[in-house]
Amino acid sequence: MKKLINNPDNVLKEQLQGMQAAHGDLINVHFDPAYITRKDPTPKGKVALVSGGGSGHEPMHGGFVGKGMLDAACPGEIFTSPTPDQMYEAAKAVDSGAGVLNIVKNYTGDVMNFEMAADMARGEGIKVQNIIVDDDVAVKDSLYTAGRRGVGTTVLIEKICGGAAEDGYDLKKLSALCKKLNQNGRSMGMALTSCITPGNATPSFEIGDDEIELGIGIHGEPGIKRSKMMEADEIVEFMMDQILNDPAYTRILKEWDFDKDDWVEAEVTDQPFKKGDQVIAFVNSMGGTPVSELYGVYRKVQEICEKQGIKIVRNLVGPYITALEMQGCSITLLKADNESVKYWDAPALTPGIRVKM
Amino acid sequence: MKKLINNPDNVLKEQLQGMQAAHGDLINVHFDPAYITRKDPTPKGKVALVSGGGSGHEPMHGGFVGKGMLDAACPGEIFTSPTPDQMYEAAKAVDSGAGVLNIVKNYTGDVMNFEMAADMARGEGIKVQNIIVDDDVAVKDSLYTAGRRGVGTTVLIEKICGGAAEDGYDLKKLSALCKKLNQNGRSMGMALTSCITPGNATPSFEIGDDEIELGIGIHGEPGIKRSKMMEADEIVEFMMDQILNDPAYTRILKEWDFDKDDWVEAEVTDQPFKKGDQVIAFVNSMGGTPVSELYGVYRKVQEICEKQGIKIVRNLVGPYITALEMQGCSITLLKADNESVKYWDAPALTPGIRVKM
Amino acid sequence: MIKKKHILDWLNKSAEVLEEKKSYLTKLDTAIGDADHGNNMNRGFKKVLEQLPTNEKKDIGAILKGVAMSLISTVGGASGPLYGTMFLQAGNSVSGKEELTAEDLKKMLQAGVDGIVMRGKAKIGDKTMIDALEPAVKAYSSAVSAGDELTTALQKAVDAAEKGVEDTIPLIARKGRASYLGERSKGHQDPGATSSYYLLKALRDSVQ
Amino acid sequence: MIKKKHILDWLNKSAEVLEEKKSYLTKLDTAIGDADHGNNMNRGFKKVLEQLPTNEKKDIGAILKGVAMSLISTVGGASGPLYGTMFLQAGNSVSGKEELTAEDLKKMLQAGVDGIVMRGKAKIGDKTMIDALEPAVKAYSSAVSAGDELTTALQKAVDAAEKGVEDTIPLIARKGRASYLGERSKGHQDPGATSSYYLLKALRDSVQ
C-alpha cells in the first residue's frame, strides 16, 4: 500500500486538519466528535442541511459544506458510517431554529446512526428529518437486500437542496424536494482497480490485470458483475443500459412524521426514465481515474442520451464521490425539472463546488 | 494497462469531444488542428492569453480556458508538445488586436514549437510574445540541461495573468507580470506510481511496491531520486526543503524584442524564498492521488511554512496539473505580492477553476 | 451468581479477543463487506475499557449502559448502533442490579438480542449477528429452564453461537452490506456473527 | 545522380522503417524520455506519405519543404520542429532542382543539419540526433571530396551515423528531456540519434 499518509491511525484527523488549514475561509472543522460546519453560521430561519458518511469519498461530504450546499458534514472513519454523537453535535451547532434535514445515504450503518442521532436531537427540541438517498441501480431488489445504496445522486441533491434551503424552503418543502430528487436519480459505478483502506494490508477486493468490476459500490464492496476489460464505449453502454432501462423501483422508506411524532414507513416507487426526459448528467471519478478519461466517458453518455431522446440540460464531470484511490467511474442521471435546474444553478461556495461565488 | 478509453489512436480526439459536450457553455473545441477557445470571443482590446502543451495533464490547459483565464489552449498528443499550426490557428482565432501572450512551459519541444508558431503569427501581423515557465527545482542547473521544467506555477500564472488581462493589462505589462510570477514560483513533484500513455504497453518508468520517485516531471520522466517509501510528512519535508532552500537560480531566457523585431536572450535570476514572504501554496495531485491525501500533505506544508516564517495567503488543493493516472503530488509555492493576490482573487469561469462566476 | 467483577472481566476479555481478532474480522468483512468490522469492534472496545473506570462503581445495568454509549460513539458502521442498542437494552433490563442470577442473565441476553432485532430488523438466516445470537440465547434459556448450571448453560450458548456462525457460511446475506453481493455472499462467514460469538465466549470465560 | 523518384523512394522507405521501429524508438524514449519518440516519428511520416501526392509533381526542393510542413504539423515534441527545420532547410538548399548531384546532396545534408543546430543549439556529445547526423554529413562530404562514388559516400555516412548512435550510449544528455536525468542518462541509446540513423539508412537504400 502506497499512500501519502503517516500513521494510519491518524489519517482522518490529519486530513481534516489539512482541510481546515486549506479552507479555513469557508469551513470550521470540529474534533471529538468530528464534524465540519460552514464558516458563517446558518442564517436565522434557514433549514440546516446536514450529511455525513464514511470518509474516503472526498470531496463528499466535507467538501460540500458552505453557502449554498451543506451546513454541516459528519465524517466517519474511513468507509465506516459516522456515529450519532457527531450528527447530534452537528445538528445542535447548525440548527437556526428552522430545523435540520439529514441527507442519509442508504447504508445500514448510516441509516441507523442517523436515526439514533435524530432521536437524540429531537430530545433537545430540534426539528429533524432524515431523507434517504438510494439511487444505485446495481442493487436490483430491496426485498432481499439492504436496498439500493446511496451514491452519485447524493452530490446533486446536496447542491440542489442547498440552493433551495438558501432560498427559504422550510423543512417540509425541503424534505419533499429531497425525496423527489432521490426518486428522480439513478446511478451506476464500475472499477478498474480496487482500493486499500489505510492500515489494511490487502485491497478491498482482488481484481485481475485484465478485469473490471461493474456495479461497484463506493466502499470497495464488490459489484454485480466481474467482466474482462472492455473498451470505454462498451462499458458506458452497459452502465447506461442499466440506468436508462431500470424498471420502476419500489421499496419501503422510513421518515419522521411530525404529526404522529414517530417514525413511519411508506412504500415509494421510482419511475423509469422515458424519452423526452431532461436530465442532469454526472460522470464521476472513483478517485484514481483522471478527468481526461471522464471526458471520454461523458462523450459516450451524451451520445447515448441523444439516441434515446433524453436531453442533458446540465452536467458535472470530475471526482466528487470517490472511493479512495480506486480507478473507475460512476454515471448518474437525475431527471430534472425547472425547480431542480434553478437550484442547481444557484450560487454555492464550498471547497468542492463553486457556483457564482 | 486499464483505462477508460477506446482505441488508443482516438483517445485525444474523443476526450476533446467529451470536453466540448460537457463544457459547451464555456468553450469551443476545434479540430484539425486541435485547439480550444473560450466561448465568447476575446473582448476587443484584451490581450489574448494562450497556452498549450502535451495532453495528459488535464484539466491543464484546456480546462483553464474561459473568462478570467486562457483565451485558448493547444492540446498536443499525450505527453507530446503541440505543433505550431495549432498555436498559430489559436492565435489567429483569439487575437482581438491587442496581441497574444503564449505561456510556454520549458520543455524543448514546447519552446521550439511555440517559437515557430509565434514567428508564423507575426507573419500575419499579430503581436506575439512567448514567456517561458521554468519552476521545477528538481532540475538543478541550466547549463547542462534543458533547464528547469515548467510545472505547477503554470496553473497559478494562468489564473493570475488571466485576471490581469481581463483588467486591461497590455501585452507589455502582462508579459512583465508573467515573467515576475515565473521568477517567484518554485515547485517540486513526486510519484508513488508510474503512468502509462495510451497505446504503450509498459509504464513510463518502473517503480517498486515500496519505492517512490522524488523530483518527478509531469511526463513520466524519472525524477532526481529514488527512495524507499516514507511517511507523508517526511516526503513533504524533503520537497519543502528543496523548494524553500533552493538557492538563487540563473539561466538564459529567450523572448521577443518588439523594438529590435527579433528574439533576444537575457540572463534571469530567481531569488530564493525568505522569512516574511507571503505565498500562494498549491498542492497538486498527479492524477491518481485523491484529494483526501492532498489535505494530509497540505497540513504539513502549512506547518513547515509557519515554522519558516512564510505566510500562506491563498491556496489551491486538487488535481490541476496531472500526469495521467500517476499517483503522487507536487507542491508549488509562489511568492505573492498585492498584484498577484488581487488577480488570483479575480473572477474566472472555466471548466477547471471557478471564482466568483 | 454473576458478580460485577465477572461483568468487568467480561468486558476486558471481550476487548482482548477483539484486539486479537481484529485482522481476522476485517478479513472476513473484506470478503463480503467493506473491510472494517475488526477495526470498528477494536476501536469500540478500546473506548469501552477507557471509559469503564467512570462507571465501574455503579450497578451492572449502569455499567452496560455505559458500554452502550462508548460503542455508539466510536464504532460507527452497522455494528455500532446494533451492539450499542444491544448493550443499552441489556443494561436497561438489569437496571440497579449489583449481581445477576442465571435468570437475570437470561432476561438480559434476550433484551439485548431484541434490541438488535428492533434496530436492524434481521431475521435468522439473514446472515447477520442474529444468526449467532438468537440460537445462543435460545440454548441458554432452555438450559436454564431445564435446570442446568450457569456455566453449563453458558457453554451451551457458546456452542450454539459457534454453530450459528458456521451456519452463516452457506447463507445468502439479506441484510447489511453483504446483501449487495446476493449469491456471491455464499461461502463466506459473517463477520458480525463471528464477533458476537467472541463476545459470548468472553462471557463464558469470565463466569467460569 | 539522384532522381526525384529516389527522393520519393527515400520518403517511402523512411515511413516504412519508422513504422517498423515505432515500438523500439518509443522504448528507447521510455528509458530517458517520455515514451513518445516512435509514435511521434511514425505519426509524422504517415502524414508525409499522405501529403506526398500533392507535391510529387514538383521539384525536389518543394517536395522536401512539403515534407517539412507535414512533420511540423504532426510530430510535435522536440523532434517535430527539429526534423521539420531539417527538411525545410534541406529543401531550401535544393530549390528548383529536379535531380541532385553528389555535391548537391552534400549541400542539402549540411543545410539540414545546420537547421537542426540553429533550432536546437545542440553540440556533438550532447546525446541528441546531432551525434548521428554531424559525423554522417562529415563522412559523406569527405568521401565526395575524395572522389568516392555516391553510393560509397552514402554508405560511409550511414556507417558514421551508426557509430554516432552507439557513441550516444555512454553520454550524459545535455539537451532535451533526457538532460533532466543527468548521470542517469548514461548507458542508454538516444532515440533521436537512432531515428536519424534510420533516415540515412533509408536514403542509402533508395539511392542504391
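Chains here go by letter, A, B, C and D, matching the order in which they are written, and residues are numbered from 1 within each.
Definition applied: contacts are C-beta pairs under 8 Å (C-beta built on N, C-alpha and C of every residue); 3 or more make two chains touch, one makes a residue touch a chain.
Predicted model only: the values in this text are computed from it and were never measured.
Common neighbours of chain C and chain D: there are none. Each chain gets a centre from the mean of its Cα atoms; the one farthest from the centre of chain B is C. Note: centroid distance chain A to chain D, computed from Cα atoms, is 56 Å. Taking each chain's centre as the mean of its C-alpha atoms, chain A lies 32 Å from chain B.
Residues of chain C in contact with two or more other chains: none.
Shown here, the protein chains touch in a chain-like sequence that does not close on itself. Chain B makes touch with chain D in their complex at residues 33, 54, 76-85, 107-109, 112-113, 115-116, 138-139, 144-146, 149, 197, 199-200, 202, 204-205, 217, 219-222, 224.
Looking at the complex, you find that chain B touches chain A at residues 2-7, 11, 14-19, 21-22, 55-56, 58-59, 63, 192-193, 209-210, 212, 229, 231-233, 235, 283, 287-300, 302, 315, 317, 319, 322, 324-325, 327-329, 354-357. Chain D makes touch with chain B in their complex at residues 26-27, 30, 33-36, 39-40, 43, 72-82, 84, 119-120, 172, 174-177, 179-182, 184.
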